[in-house]
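Here chain A shows up in two complexes: once beside chain B, once beside chain C.
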Partner chain A sequence: MHPDEFIRNFADAVEDIEPGSLSLDTNFRELENWSSIAALMTLAMIYSEYSVQITGNELETCKTLGDLFTTINSKVLEKA
Partner chain B sequence: MKALTTPQHYFDQTFFEAEKINVFEQTWQFVGFQFEIANHQDFLTRTIGNKAVVVQNFNGDLRAFLNVCSHRYSQIQDETQRCGNRPLRCPYHGWTFDSTGTPVGIPCQSDFEDLDPDAFKLTSFALETCGPFIFVRIAEEGPSLEQYFGDLYSNIKAIAEAMEDCVDQYVVQVPANWKLLVENSLEGYHVNFIHLKSIKQYGAGAKTDSETGKVVGHKFHFGFPHSWLIDAVEDNAFSKWQKIEPAYATRPFKTDTYHQYQVFPNLNVATFYGSAFFVQLFQPISPQETLVTHYSIRSKFNTPSKKDLALIHMTMENMVNMGKTILDEDIGICKMVQRGIQQNPNPTGVLCHEEERVYQYQRSYLAYLNNRQSLEAQWS
Partner chain C sequence: MPSTIQNVRIVGIAASIPQNNEPVLESNYGTLEERKKFIKTTGIENRRVSPTAICTSDLACAAAEKLLEELQWDRNEIDLLIFVSQSPDYMVPATAIVLQNRLKLPHSSAAFDVNLGCSGYTYGLSIMSSMISAGKFRKGLLLVGDTSARGVKLSIEEGVAPLFGDAATATALEWCEDAPPIYSDLYSDGSGYEAIMHFYGAARNPFPKEKFEYYVNNEGNVIIDTQFRLDGLEIFNFSIREVPPAIKKILAFTEKNIDDIDAFLFHQANMLMNEIIRKNLKLPLEKVPYTLKEFGNTSSATIPLTLLHKLSKEIQTKPMTLLMCGFGVGFSWGTVLCQTNGVVCPDIVEL
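Take a look at the complex of A and B:
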């Protein structure tokens, strides 16, 4: 799992975001396009691309894309 | 509108005993889904009115019987188990019954004098299915399921045929009369107070005209003894749905509205857009206790896209959690109503137009309770 690939997938899920404008330090809740539906799309993307499930509560505890990346990564490693 | 029922209808043992016979034993009762008893020898047990009922799968053939052995009256399937898998065999002396209810396996049969197995058939009940829904009627005489559903039938059948499987079943015992829970589900008047953070976000509840302040848009339908609501979803919620709708493009029950059906007397079926289905059953335990079963049912769909499947999965999970939240909110207020109704100084309450389905529900209930249902049906 590579951070650049994760950022591209995130941008694709939330829609209308340039991947180049994002980094692991981005506070994704402050994005103009962030909404409850964007959260749902993000959870679906994680399930689809990384075969792990993040709950709504786990997403709540993440502030930056880096936090989310770490949460997913630890689940992927746990599963392996 | 004045309410038609009195507070006593919600706590008095006399009314409770009468409604078991005149309401529950006269109407088609939902007992479960075919996917709960899909295999040979699967069974489920239910109480309908005063009758203990077993529904048994005999190689795919579903039959309903009184759950009492014709030999020495033991219950045949353990009713503390709501479902299970074993032959229809009495645990006491091992009498085994076939799909006609006839005892076909009687241990030491030659030890009985002139035993005619046909004379010891189990009492059977009418059973009909509608898609995966299983219904049982205790009364020997009565309308077919389609006749009983009337105008409701085509929509319930379309919904039933769109159902794939149950993803969650939430069972909870509530210290409130079953009718309080049903009536609560029939009006949107309480939504702005009880469900502000849940279903209100989806546009449910009473809507007011922004200029006049008057309540608008009652999309109620009545077909004695049932009622249903088909209503638009608020723009904000609908625009969210439009974003995920492409993933659901192949769902069989397509609608852009919210549907909620009340199948008299104690079954509710609801769907947002046909994306998933929520079924609630309110089974009376005593005048002041109800067993609520809330099923979350996934729609059939046919999409090969991994992305769409993931979105459907996550949306379903959200909906399951939302359904439980809404139910818990409803249970909370119904418990308070139950405590209050026993001290109500007024003989009857009052209902607004938004509560018209409650009024019609009470009319249906009293018609059955007082054996006037055929007359009421003519009026509607």
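Take a look at the complex of A and C:
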């Protein structure tokens, strides 16, 4: 799992975001397009791309895209 | 565990919806852009919303009257009435009992409520067909539905989205010795009880007066505590985790594969979630009818309403093997696999 690919997937899920404007330091909750639907789309993307589930609470504790990336990564490794 | 229910036939299905249609695009939910995005994600474009004068029981009663008229059943032969809903008329008594009288069913009929939402149709079918199969009951009316949309204030800040529509349906079941078996499997996981919830009003948290009043929270959002609560992310996780294995299990139990099933009727939750489930199971789109566009999520009524709206011609005229799956509140979920033949389907009643 590569961070650039993750950021592209995230931008696709949330829609109308230029992946180039995002980094692992981005506080995704402060994005203009962040919404409850964007949160749902993000979980759906994580499930279909990485085959792991992130709970609402886990998402809540993530502040940056880097935090989310780390959470997903540890679940993927746990599963492997 | 999946089980086999013998000697029960689905005789007819009817539905009733409010006349009043509220297109999502024209609603006061968020901005136009947000509404467009909502439609794209959920697939929900229209919802039928009841005026406050119409309760779930009124829709259920209209559906039942229409069905009884069409079936020409002698009401005195009906011995079982089950009302599955999360929007009963009263805390006490059960709405089914009120409906026994309204529908002029005999005193010899058993009537009770089942408190379930999105999983309610599969639960209701399993409960009623098991009771009939056991031999004591001969003819039953299964009424399911909710008025989740009625009286709810949409608010994008609080995530109260135009997901729900109002509807109720009536299904007639009867003892029939040569009927093909009905297979059913029911599940529950109460650790998710907070994900879909009416927090106030019953014994644990009686209604405090101030909870009826709107207030403005720290972020400036207008809030009322007594509305329905939904935790969309947890519901999403639950559904994509539990539904595909439940479908695989009932298929394995009945030794059937996807090709043997004429239609998969899923609870209509939202397009994003339902499509993930469909793709996970590799089901062809043409076998998975949707009515989210027309009616939104109508709780326990989505499965029979979708059957009537999309497949009424087929289920009236030829044998159909159907796999239904309801999932949601509790969490609870269930599957029913059955073969119908010549189901009576009157037109959907508008109230």
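One rule holds in what follows: the second predicted complex is superposed on the first by the 80 of 80 C-alpha atoms of A that agree within 3 Å, B and C clash if a C-alpha of one lies under 4 Å from a C-alpha of the other, contacts with A are read in each partner's own complex, and residues count from 1 in each chain.
Everything that follows uses one rule, which is that contacts are C-beta pairs under 8 Å (C-beta built on N, C-alpha and C of every residue); 3 or more make two chains touch, one makes a residue touch a chain.
Since the model is a prediction, treat every value here as computed from it, not as a measurement.
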- Taking the superposition as given, does A:Y47 touch the first partner, chain B, the second, chain C, both, or neither? both
- Message: Output check: A:L59 vs chain B and chain C. Expected answer is one of first, second, both, neither. What do you get?
- Response: second
- Which of chain B and chain C A:S74 touches, first, second, both or neither: neither
- Message: Quick check on the superposed pair: does A:S21 touch chain B, chain C, both, or neither? Answer first, second, both or neither.
- Response: neither
- Message: For A:I37, using the defined touch cut-off, is the partner it touches chain B, chain C, both, or neither? Pick first, second, both or neither.
- Response: both
- Item | Chain touching more of chain A, residue-wise (chain B, chain C) | C
- Item | Set of chain A residues, in rising order, touched by both chain B and chain C | 35-37, 40-41, 43-44, 47-48, 56
- Note on the structure: The residues of chain C that touch chain A in their complex are 34, 37-38, 41, 156, 159, 161, 231-234, 236-237, 240-241, 272-273, 276
- Message: Going by the contact rule set out above, which residues of chain A touch chain B in the complex?
- Response: 35-37, 40-41, 43-45, 47-48, 56
- So in the complex, which bits of chain B are touching chain A? 240, 243-244, 306-307, 309-311, 313-315, 318, 321
- chain A contacts chain C in the complex at 15, 35-37, 39-41, 43-44, 47-48, 53-56, 59
